[in-house]
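Next, two complexes with chain A in common: one pairs it with chain B, the other with chain C.
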Partner chain A sequence: MRVTQGCFSFLPDLTDEQIAAQVQYCLGNGWAVNIEFTDDPHPRNTYWEMWGLPMFDLRDAAGVLMELNECRKVYGDRYIRMSAFDSSHGWESVRLSFIVNRPKDEPGFRLERHEAGGRNIRYTTKSYAADRPEGGRYGGK
Partner chain B sequence: MSSVAVSPAAAETLPSEQVDLRREFNEVGIGDVLDQLDRELIGLKPVKTRIREIASLLLIERIRKRMNLTSDVPTLHMSFTGNPGTGKTTVALRMANILHKLGFVRRGHVVSVTRDELVGQYIGHTAPKTKEILKKAMGGVLFIDEAYYLYRPDNERDYGQEAIEILLQVMESQREDLVVILAGYGDRMDKFFSSNPGFRSRIAHHIDFPDYADDELLAIAELMLRDMNYRFSAEARQAFIRYIELRKTQPLFSNARSIRNALDRMRLRQANRLVADLDRVLTADNIMSLEASDVLASRVFLTGSGG
Partner chain C sequence: MNVQSMTVRGKDRYKSGVMEYKKMGYWEPDYAPKDTDIIALFRVTPQDGVDPIEASAAVAGESSTATWTVVWTDRLTAAEKYRAKCFRVDPVPNSPGQYFAYIAYDLDLFEPGSIANLTASIIGNVFGFKPLKALRLEDMRLPIAYVKTFQGPATGIVVERERLDKFGRPLLGATVKPKLGLSGRNYGRVVYEALKGGLDFCKDDENINSQPFMHWRDRFLYCMEAVNRAQAATGEVKGTYLNVTAATMEDMYERADFARELGSVIIMIDLVIGYTAIQSMAKWARRNDMILHLHRAGHSTYTRQRLHGVSFRVIAKWMRLAGVDHIHAGTVVGKLEGDPATTRGYYDICRQDFNPMKLEHGVFFDQPWASLNQMMPVASGGIHAGQMHQLLDHLGEDVVLQFGGGTIGHPKGIQAGATANRVALEAMILARNEGRDYVHEGPEILAKAAQTCTPLRDALEVWKDITFNYESTDSPDFVPTATPAM
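And then the complex of A and B:
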């Protein structure tokens, strides 16, 4: 099951050229671009690991792409996303976020039904991949 | 000049194998930059010639690329060698402008660094630091001043080597993203290159900046003064000619930079002279002109006459 999170996630995966164009748009707006990765893509997992520091004083997307490729070398089997943080007053939040790398094989999520009192049902989504220990979830070491 | 008709009507109907060179030239607008270079930089004949050559090469390269005759990105890394104050940084800024207009760098900004900004202080500190700078310089020009300090042969544990390796790697693999200009004194750069052959082979253009002649230094001084709305009186000009002669023989002479500093001190003395007589009514002319006494009070003349 293809994970869809953030911008452009219903489009085919962006090419590096398209990623660079989006990053350039972010830099042009003065947003800090971050690279984040995770192997636990649960929709409620907002806090992904950061790859390096936010990149806020770059002029050109090539620098970000360089970091992205470094990150892919190490965590190519995980989800990697770019997020752009707008520090200007009144916003102070992430303005754009999109997935730039995903594992080859995405086992998806299962829905668990928990029968509570009075025939109520509580639902939980669980990632199949997250059953395995961290680092080994997507065919990693 | 091109043999192709220059009139715009004819240019419209040119087949794609033909190129109107003049129109190309005007389109990228490097003519202005080159003219500005000629106008604003005094002397430096060999440098200007080289830059014109490089600009022509790049213009042709650009056309070749469009005609699918080449797909390679030309190596554009350069080294500027010359004594202090000969205009290396200024030319680097212009170079970035030219490269930007020709489309060989995307943004055309210059990131100017020295060893301190590239090399870390402890293990594992250098790589992130160098990469940080490289990321900032992407799409523009990375100007490394006094590049030979990166390599310290006397200390084999020096982290400079690590920075050099990262630089070399990026210079090779990301040629389309970044142009690196190394600058420094001629003899020390030669030594640096001979101990780092990787650098020499990755640098396409070596440009040597000659020292300025006396009359060029005077012209530079007058240009600087004009920019600041000052001028020499006739006697002050004579005195300054002597000042240049004497200053050149003294240690730590750094060409145009020394001239700028000298002018700053002269402005100081002029201001002091004017303020000394508070009852005087000043004209614009008084305020603008530097007198011989402002020049002659320099320490340079003392040591010059005293031996």
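And then the complex of A and C:
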């Protein structure tokens, strides 16, 4: 399966040139771009690990791409995403978020059903990969 | 038009009998509205031979303190404060016999935080007043002091996006079709296919409540099976608007509670449940971390005709106060009524923190929203993937695009239809962010994306010639060059 979180997951994986263009769009809008990675892609795992701090005051996407490639060297077997933060009043949250790196093999999720009264079912979504300890998922180091 | 005050003052004002409204203090051309006044703009069409100033003063009178004759009991009150004051009457450009009447209302006339109370005055008796041929409420200026007495949207656009973990693109939805007749089991099938294929939301239609072919509990259970299956299949948060519209508040609360218990992120209501019920559900939604979708069922009965009724821009303002998170606000390019400029005005009312006066969009007043949450506009009705560049251009990024037929009617099935829409959308956002002229290069961008996506290729082929080009019945009265004084 393919985890389709983020803005561009239905398109073929973005090239570095395409990633740079999106980052430049964010910087042009005054948003700070953050690189985040995880090996627990549960749909409600909000807090991926931060690769450093959001890059405030940056003008050129090349700096972000350099950091991305550093991050890939260490966590190339995990999901990596770009998140752009807009600090303007009335928003003060993420404006754009998209996946820029993913494991070679994505085993996906299992849906567990716990039957309750009145035909109710309690659902639990579990990542097959996350059954293993952090760092050992997706055949990684 | 703006002649002198004719108000009779002192003892003579209260002599028993009938007096013209414009003499009773409802026409005050020198009145300067206070920052705390509510201002209403009406389109007044007087009966033949009726003086437009008198007709407009009558609207002010009948929507505030007046009755048809002088009453001495006025003298027991601070009557001058409570009288609504018409302070300006302009002929409508290029529309003989129609006048724009600006009327100011003191804030003390209204109960805080109650749409029912506001509307009982402003669109109460006055719309049936005999000396008028027709009357339309075009716009309202709501003072901050009044706005702050309302909760506003239960969730708001930003928090909705945070909860769904979806940023930087319009959300995608589809209304389950056929809207009537599917069993719960079959209905959930449509939801599953559409969500797994790439949509973020599915939606009950306005008249799907609890009928012989499908009772509400059955629908909720099958829909949540579909939502959870699709979440597991994609790793994304998914939702389906479970319509809790019912005959009584008790029934609606019961259905909403069940939706929450099942883990739904969103519920929906119809406009026809009434303003008070809408406010109650908005409070319920805030208490229960639920996104609240409003389907504007019934609005066209009073919003569509230009001469009589209430403009949708006013309904949108009331709904933002009342506290819904989603509101259907037009598509421009789809099958339902919607002039581009007028629709832009509605979208601004939903999403901006401050609406500047923009007559060319039908927005007559500066409107501060005082940090009230934003409402997500929803575009639904006769739209398809081939229009993606136009939709993005007209409607922007913070909108739900609902492709019902445009998903379910895909020749290769519902999943393929959903995928076509999602790929078209992502390709267009990517191109826009890259700085391309996506409005003009739209068809080219879609064709390129279709090279690696067969469902999109099929969709573009099937619907390539579908457009809905009809004259709009409700376009702005002012062209962009007009600069009227205010």
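Annotations for the structure displayed:
Simple rule for what comes next: the second predicted complex is superposed on the first by the 141 of 141 C-alpha atoms of A that agree within 3 Å, B and C clash if a C-alpha of one lies under 4 Å from a C-alpha of the other, contacts with A are read in each partner's own complex, and residues count from 1 in each chain.
Throughout what follows, contacts are C-beta pairs under 8 Å (C-beta built on N, C-alpha and C of every residue); 3 or more make two chains touch, one makes a residue touch a chain.
Being a predicted model, the structure only gives us computed values, none of them experimental.
On the superposed chain A, the positions of chain B and chain C stay apart, so the two partners fit side by side.
In the superposed model, A:Lys104 makes contact with neither chain B nor chain C. Looking at the shared chain after the overlay, A:Met55 reaches chain B, while chain C stays out of its contact range.
In the superposition on chain A, A:Glu67 makes contact with chain B only, not with chain C. Taking chain A as the reference chain, the count of touched residues is higher for C when chain B and chain C are set side by side. In the superposed model, A:His114 makes contact with neither chain B nor chain C. After the superposition on chain A, the angle chain B-chain A-chain C between C-alpha centres rounds to 100°, nearest 10. By the touch criterion defined above, A:Gln22 lies against chain C but remains apart from chain B after alignment on the C-alpha atoms of chain A.
Once you line the two complexes up on chain A, you'll see the smallest CA to CA distance from chain B to chain C is 16 Å. Overlaid on A, the two complexes show chain B and chain C touching no common residue of chain A.
Across the complex, chain B is touched by residues 52, 55, 57-64, 66-67 of chain A.
On chain B, the positions that touch chain A within their shared complex are 106-107, 109, 128, 131, 134-140, 170, 174, 177-178. Only residues 1, 3-5, 7-12, 18, 21-22, 25, 41-44, 46, 83-84, 89-98, 108-111, 119-121, 123, 125 of chain A touch chain C when the two sit together in their complex.
Those residues of chain C that touch chain A in the complex are listed here as 158, 161-162, 165, 167-169, 198, 221, 224-225, 228-229, 231-237, 261-263, 353, 371, 374, 419, 422-423, 426-427, 429-430, 433-435, 449, 452.
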